[in-house]
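One structure is given here, and the rest of the page talks about it.
A, B and C label the chains in the order they appear, each numbered from 1.
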Amino acid sequence: MIVQLLINGIIAGCIYALVAYGFALIYNTTRTFHFAHGAVYTFSVYLFYTISAWGVPAWVVYLLTLAATALLGMTIDEVIYRPLVRRKSSLLIRLLSSLGAYIIIINLILMIYGNEMKVLNAKLQPTHKFGNVILSEVQLITVAACVLIFVALVLLLRMTHLGKTVRAMRDDPELVSALGMNPQNVRRLVFALGSTLAGVAAILKGLDVGADPNAGMVAFLSGTVAVIIAGVGVFNGVILGALLVGILQSFAVWKFSAQWQDTVTFLLLILFLLLRPEGIFGRRRRVEEIAA
Amino acid sequence: MSKLELQNVTKAFGGVLAVDGASLAFDEGKVSALIGPNGAGKTTIFNLISGLLCPTEGDVYYDGKKISGFAPWRVSQAGVGRLFQDVRVFDRLTVRDNVSMAFKGQKGESAIMSIIKRWQVSREEKELRGRVEELLESVGLAGREDELAVDLSYGQQKLLALARLLAAEMDVLLLDEPTAGVNPRMVDKILELVRKVVAGGKTVIIIEHNMNVVREHVDVAFFMNEGRVAFSGEPNAVLAAPQVKTAYLRM
Amino acid sequence: MTYALHVLNMISIYAILALSLNLLVGYTGLLSLSHAAFYGIGAYICSLLMMKLSFPFLPAMLLSIVGAVAISFLISLPSLRLRGDYFVLASLGFQIIVFSVLYNCVELTQGPFGISDIPRPSVFGLTLTSAGSYLAFSVVVAAVCGGLLYLIGQSPFGRVLKAIREDEIAAESLGKRVSQFKVIAFAIAAGFAAVAGTVFAGYLRYIDPTSFTLVESIFILSIIIIGGTGNVTGPLTGTALMLLLPEALSFLGIPDNIAPNLRQVIYGVLIILIMRYRPQGLMGEYRYQ
């Protein structure tokens, strides 16, 4: 029983981890609270739904969907955030603009697709049994895909020049040009990659339970909680944070019933904000950084 | 005991000692200066005094009482005010409001009082207007009450910040580079204000890089290097000391 | 005619919400996503007192204010030392938790079923049964709230709030106990939001948690972002604009099934345009930094 709960939690956590990693990539490097990340997520799954009906081969569906999702993320940055950065607008103004972008995208989707859930996978899910644990095929694929992606991300961040540049950008945006890459391009790549991760998460989740317009907000908020728990400025630790959130939610549903899932998640957030705002892996900010 | 004293104060950040066993004493009616190369710990000393930082070792005393570890509002309510290096005026408030908010003991600062005792608060406000005008006159900003602070020049903003400190009736004024980035006429005005304030019995401590200012206007200088007070005393003597000279040459 | 009365009633209620959130966001610079939570707390405490304990309206309203203020300390005292964007998150978490409680504690709040047949208030012996008489009531309440909030904003207290918005550290260095001011501003905002909740409950005579969601908090925030922050005309302009927009859309013949979504799209576009070209809002004070 416990193991099943744990596994369910991990599967949910994997989805959150993808979303959270994408969000962290964007926030840590550009300091943009990309609320619209949740809308990008939702866009991806609905586009997938539409393109699936075109009768093209599966790999084309995935490619087109993820490419469009990456493009959406980059466009939001280009059209909405970058002009604000040029004007040196405050972070709060950027957050509010992001909120505006979220509202626009989600409602356009609602206008086109309506409010009901869409089923992506009409066939009945084959399930697999491992001892006492039951998993659907999609869930298995989710875990496998996520493991591959996380390994790739960790390697990307540690070994590649882009990864080093991204980490440098988190610490000091001025350094980026010194490292040889054009800051604008790094920004575009970060938004593209972050949005693609959200897109993958949305598709995997959609194949499991269908596409619903609220799922983006749920995944985004859980992802945000994961980022706070791991610590702002952290990348790989965010995966652990997300898994923790997923597992906690799973146990909370079992212990308190599904209706209290949000309360538990956000109590966790508030606890961390109050007791350990730097997160599990983060560094404590010095007062001098503010007062200097 | 002096008005403000630091006794053997150390501040460590991880492995780095920003301040290392520093002892300083500041007296009333005198202008004291912290001088030294960048990174010597001067601003850290100010942060330790004003409560933005807590000493790792040692204590800060004000009027003989320990204030190390006090929250910033307690330190400032006790009478220690600060002019920041980046001035920090309230940009989108008028010059008048910048000064008005600094006065102590305003009844209207309680939301409830501002409603229940509205007439009293109105009267208080009228009286404060007069005081604001006097203060602005004394710093040379007369007639600019209704301008936004962000529209003033850098030097004028410094004068405004000084007016604020005077309005708050601070007994100790920590001035971080008061003459930096300001044209010579303003520098004179600022220094004239400092002299007036000190003549009134206040304690002024400045962080200063302009050695002429230090020579001509400072009573006691503390030369800091690498977190320690290397030399202190009469400014000309301090500046003539060989280790001070070499430290500056090395800069 | 009755429809116009309805819109005007809602404008009065939202005016109170906008003006009170403005004290927090526009004057103090504290972005909060939990205003709808206090709106809901006010509505529920008032309704429950009237329905279950037969309280008359005015005492119920007073107790709602007390309740909302008390609950506000639960979130403000621990969170107000958090940096800006962290405080936003804490307020978001609080909003979601409050909604959850309203929705799930069915024995107490009747959850998704809501509370119905709330009696129309009796004020000084007069029962406000008609929409017209209720409008007079809600306008009077809105005017009183607006007047009080204006006085508070113009007072030395309001001046300190604005100083805190501009530069907290400088304000603290001048002897102002910043956390205390923030907690009080938050409590005042919560109290007035509760008043709006009671007026709402007495008007619609039915409340349920879906009126007090995160989306609602975002809507109230949008009103002052678009209309303007930091003064009184801003929030009032925003309220009128945002509440009349749906009417304008239906006048243009936009079909009902997409009208609410189209409305939201317009809000979103307005927010983005305003943040870019006029951050202080249409009628707000100075430039938002």
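Keep in mind that, in the parts below, contacts are C-beta pairs under 8 Å (C-beta built on N, C-alpha and C of every residue); 3 or more make two chains touch, one makes a residue touch a chain.
Please read these numbers as outputs of a predicted model, since none were measured by experiment.
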Centroid-based (C-alpha) most distant chain relative to chain B: A
Nearest-to-centre chain - CA centroid comparison: C
Chain B and chain C: spacing of chain centres that average the CA atoms, whole Å: 41
Whole-Å gap between the CA centroids of chain A and chain C: 31
Inter-centroid spacing, chain B versus chain A (mean Cα positions, whole Å): 47
Residue list for chain A, restricted to those that touch at least two other chains: 290-291
Residues of chain B touching at least two other chains: 52
Touching two or more other chains - residues of chain C: 169, 289
Touch list for chain C against partner chain A, complex: 31, 78-79, 82, 84-86, 88-90, 92-94, 96-97, 99-101, 103-104, 169, 218, 221, 225, 258, 261-262, 264-265, 267-272, 275-276, 279, 288-289
Chain C - residues contacting chain B, complex: 148, 151-152, 155-160, 162-163, 166-167, 169-178, 184, 188, 285-287, 289
Residue ranges of chain A in contact with chain C within the complex: 33, 80, 83-84, 87, 89-97, 99-104, 106-108, 110-111, 221, 224, 228, 259-260, 262-263, 266-267, 269-270, 273-274, 277, 290-291
Chain B residues touching chain C - in the complex, by the definition given at the top: 50, 52, 72-73, 76-77, 81-82, 84, 88-93, 97-98, 100-102, 104, 106-111, 114-115, 118, 121, 124-125, 148, 164-165, 168
